[in-house]
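What follows is a pair of complexes built around chain A, which joins chain B in one and chain C in the other.
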Partner chain A sequence: MKRKRLTLTQQRSLTGYLFTLPFIIGFILFFLAPFVQSVVFSLNHLRIVTGGYELIYNNWENYKHALFVDTNFLPTFTQTLLNMLLDVPAIVFFSFFAALLLNQKFKGRLLARSIFFLPVILSSGVIAGLEASDYMANMMRETANVATSFLSGPALTEFLMQMKIPRELLMYVVNVVDRIPEIIRASGIQILIFLAGLQSISPSLYEAARVEGASGWQTFWLITIPVLSPTILANVVYSIIDSFLAPTNDLVNYIRSTAFGGAGFGIGTAMGVMYFAAVAVILAIVVGIISRYVVYQD
Partner chain B sequence: MIRRLRQKFWTTKPTRSFGGDLAVLLFIAAAAAFSALPLVYAISNAFKPLNELFLWPPQFFVRNPTMANFYDLLVLMSSSWVPFSRYLVNTLVITLGGTVGHVVLASLAAYALAKHDFPGSKWMFSVVVLSLMFAKQVTAIPNYLITSVLGLVDTHWAIILPAWAMSLGLFLMKQFIEAMIPDALLESARIEGASEWTIFWKIVMPNVRPGWLTLIILSFQALWGETGGQFIYSEQLKTLPYALSQIVSGGIARAGVAAAVGVIMMILPITVFVINQSKVIETMGASGIK
Partner chain C sequence: MAIIARERRLALKHKLGNFLFSVFRTVLILGIAYIILYPVLSKLSSSFMSRRDLIDQTVKYIPKRPTLDNYRFAMEVMNFGKTFTNSLVLSVVVATLQLVSSTVVGYGLARFRFKGRNLVMAAAIFTLIVPPQMMMVPLYLNWRFFNMYGLIPGQGFNLLNSPWPFILTALTGTGLRNGLFILVMRQFFAGMPSSLEEAAYVDGAGPLRTFVQIMLPSAVPSMVVVFLFGFVWQWNDSFLTTLYLDSNFLPVALSNITTRLAQYFGKTDPQYFSLITNAGSMLMIAPLLAMYALLQRYFVESIERTGLVG
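Entry: the complex of A and B
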């Protein structure tokens, strides 16, 4: 019997499936399956019995408990969302600016890059645990906050008020200034991603622009920004997720303490699922807006 | 004089005004100070004798530097049941195995999702992006159940295999491939008769080198601090961060040792970062299309 030959599109699809398969298998096993199971847990009452556990369906009781009985969940939830909305734009702008500077050719830029990445190393695992228990480290954090707080102090607010800057914008600026140290610390990975994006821009594009007589300003808006736009999108998504899942995030800590020790695993997962849904909606809106301006190579 | 210095500093011709340069430098310096101070403090702490560590008010810099803390750490380590080198090897196995597998598998999948429009590809990618948002704490119990069903509990695979499928890598690599690889480049390679496998290794990967170099750092960073607490029970399989955190939890008398531990844990990530970034800089100008 003659084997049927695949069409070109079928061949392409086949490579597509083959290349994604190893990743997708791992993904289904270690992420999708636990996730689905978590959703199941959140709808049930979990009881430990001999030889395992037993699930008793309890009709959204966990969700009702989290929303209407628990007094801490909703305030922490809204506060966390608000902080995220404040931080993410500031982080993306700061890291973009820093990456542009660090991408220029100057002596010692490798050192400068390393310094900007240090907070990421310092905030991971064992080292973070050490820092948290250290008095002096805490004090330095305080000092940094005092150092920036004069900027956001009453004098500045007063001054800006007189400049007839819209109140909402003003409050945003004041809040961001208050959080400068945290923003710098949270930008390490975003700076790296932007740098990688900047490094990948073909120099021939800039050459062509220079030959055509474009100014630095025009080159920036007509080449750097469009070519970098997918990276900007990636960074916005990364920053949102990073701020949502950071170990320092109050809500994540609250969910953890509820799931392992507090009101029970079922209620903890219910909170987790709601949190997930909220992030998903925010992310979908943000990505939907930004994608319109993103330019892809084709 | 100033002009000469500036020409030396910027390797290319300066295009900004002097004031602009100054502003840029001040900005970098201020932000760098915020980032670097904790590190300087941590290093200085590691060399402090015990009496200086508990000095009130605390001192930023060490006055009588000593190696005592590192020596104490060595003594503590040599008296432990499993030798120090065992913990280090375990962590290296997990970090290297996890990072290499993750970068290769995620890039392969990202290439397919970015450049092959096959049925279900869009859907697959959205599910992966959604999964980025799920807190590990919430899936902890189901995760354990699955690891146990697969028979991976108490092996290094319990940490390495999930690391291979971290969604962040796929997402980042897809963004990079979409942004940097024009279809025309792939098409011309296909016309020359290159197989998809060759295209991936010879064309796609070299062109997104800054992308995967960055991914290596992210993955390394995530795995280096892995304690493996919930999956690994045998002492001889445990990781370095786990062993060190046990030592640190010895209380206030271990404050000096804890400071030394902090510095030791930082050395490798910083080294990897510096080597890695010097490679990123080298890629400049090696772009494929003319």
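Entry: the complex of A and C
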């Protein structure tokens, strides 16, 4: 028996396939197939028959229904996407800022870090959902809100308006300030990612800058920001993804109740496909814009 | 003399600036910590309040007549023994399998060059950006009439109401947010110096042995992070568990608690029920808090080694 011996490169590449094989199989069977199926389902009327289901092509009827007949879908759809677009910048800014703080040396840093990451554990949809309808929580929120509502107070808003700050920007800021607690609680992982990025910056870069006489401000803009730019991109993408995985996402809940609540699998799936398409377009645009400014070190 | 005085003044200014900044930082951190901890602490305190504390105007945060009744009712209504065990077993199994699959796949992606490697990477990212809700109908039907897309003849098996959908997807790295874990492990392995591995190869170890004996021990912090996230997300998930299994899991039990309480007491009492709901929430997050307390040092101290860098 003579076995053909593989070259080292071939061996390495074969091992690579072996290691990644579980995912390749799983991706095809449990992801790609259902993904293609949902696109097919969204174009058909789906009926459960004994021992399976059958599909009847119905010429974009599901999409037409979702867009023109269903009065709730479109408003929920635009509102959800709008909320996402508003929240993501706020989350990225906040988590960047928080990571800068937590990266400094001070007493109690470990404790502060574990508190800042706590929302990763606690941001469960169930608890957030209960909170919204909870009597005690609402009562207590009234008192807690005093702490954060100073900026949204009418007097201050009026004052800032007079300072000729563009109205849209101002309304955005006021809106964000109102939602500070939600934004902080949605930032756990992003802080973690930024902190990891900050710690991976080689100290020699900062030393060199100091020798050259750069100020802290210059160091920040010319070293920290460029080196972190891939991390910023990763965090923007993660925040977008995270917002549609959140169980508090209204659109997702609406799609679900449509699919399993009588209106039909086909219509629910059509809504899901449209949602995915919208998210994909947003991601493509955002990544396209940001990656122009991203600097890769090597 | 004048020069020394100026230097001193500058040093003083510098010191003052630093001091002011650290005051500012402390206030800011305390404020943020307050916003994060407030809901947890308020839940904790009200979960011990008795019915009389609700009426008592002097009781605001600290219960005057603490009671465990809320916990007793919450446990009974949520069928705690059963739902807790179910959630615990499922989360441990899923997190473990996801950890195994994402470590192996992440290593394969980081360390071997093969045709289509970038495609596999892209696939992992792709699984992340598709909302699972979009595919929920096909997923449901595929598990209901599971025949491996025609590979198994016949009508297929009904794998709903069994843990198989979770086991199979976790094992193949396609479970809940599994793509993220693959990327995390890949980033970590890609950042390891290759000299260690080369030394192992020179000593005659195969790829598998090198992976298990050389690479895995240093990957422990990243693996802990992946396990923790996998556990937490499975624990909190009510979407897939209700889709594939039943409602005997903690998040579902908790989200139905108000309706169940109304049945149990035969009336509605939003104020009092909210105390019991808070007790139920505490029951659900207590294991997560305990786990976090045990494991947090892994990702608080050694984030730079976890491979989370984009």
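In this text, the second predicted complex is superposed on the first by the 246 of 298 C-alpha atoms of A that agree within 3 Å, B and C clash if a C-alpha of one lies under 4 Å from a C-alpha of the other, contacts with A are read in each partner's own complex, and residues count from 1 in each chain.
The rule is short, and it goes like this: contacts are C-beta pairs under 8 Å (C-beta built on N, C-alpha and C of every residue); 3 or more make two chains touch, one makes a residue touch a chain.
Quick caveat, the model's predicted, so the values are computed rather than measured.
In the superposition on chain A, A:93 contacts neither chain B nor chain C. In the superposition on chain A, contact is made by A:37 with both chain B and chain C.
In the superposed pair of complexes, A:57 makes contact with neither chain B nor chain C.
In the superposition on chain A, no contact is made by A:293 with either chain B or chain C. Legend: residue contacts after superposition of the two complexes on their common chain; A:280 is shown touching both chain B and chain C. On chain A, the surface patch touched by chain B in one complex and by chain C in the other comprises residues 12-13, 15-20, 22-27, 29-35, 37-38, 41, 98, 101, 104, 106, 110, 112-122, 124-127, 129-131, 134-137, 140, 144, 180-181, 184-185, 192-193, 195-197, 199-200, 230-231, 233-234, 241, 244-245, 252, 255-256, 259, 265, 268-269, 272-273, 275-276, 279-280, 283.
Residues 9, 12-20, 22-27, 29-35, 37-38, 41, 46, 51-53, 98, 101, 104, 106, 110, 112-122, 124-127, 129-131, 133-137, 140, 144, 147-148, 180-181, 184-185, 192-193, 195-197, 199-200, 230-231, 233-235, 241, 244-245, 247, 252, 255-256, 259, 265, 268-269, 272-273, 275-276, 279-280, 283 of chain A are the ones touching chain C in the complex. Across the complex, chain A is touched by residues 22, 25-26, 28-29, 31-40, 42-43, 46, 101, 104-105, 107-109, 111-115, 117, 120, 123-124, 126-139, 141-142, 145, 148-149, 155, 168-169, 171-174, 177, 182, 207, 211, 229, 232, 235-236, 238-239, 251, 254-255, 257-258, 270-271, 273-275, 277-278, 281, 284-285, 288-289, 292, 296-297, 299-301, 303-304, 306, 308-310 of chain C. Against chain B, in their complex, chain A makes its touches with residues 12-13, 15-20, 22-27, 29-35, 37-38, 41, 98, 101-102, 104-107, 109-110, 112-122, 124-127, 129-131, 134-137, 139-140, 144, 180-181, 184-185, 188-189, 192-193, 195-197, 199-200, 202-204, 216, 227-231, 233-234, 237-238, 241, 244-245, 252, 255-256, 259-260, 265, 268-269, 272-273, 275-276, 279-280, 283, 296-298.
Residue ranges on chain B touching chain A, taken from their complex, read 8-12, 15, 24, 27-28, 31-32, 34-39, 41-42, 45, 58, 60, 105-106, 108-109, 111-113, 116-119, 121, 124, 127-143, 145-146, 150, 161-162, 164-165, 167-168, 170-172, 175-176, 178-183, 196, 200, 207-211, 213-214, 217-218, 221-222, 224-227, 241, 244-245, 248, 258-259, 261-262, 265-266, 269-270, 273-274, 277-278, 280-281, 283-285, 287, 289-290.
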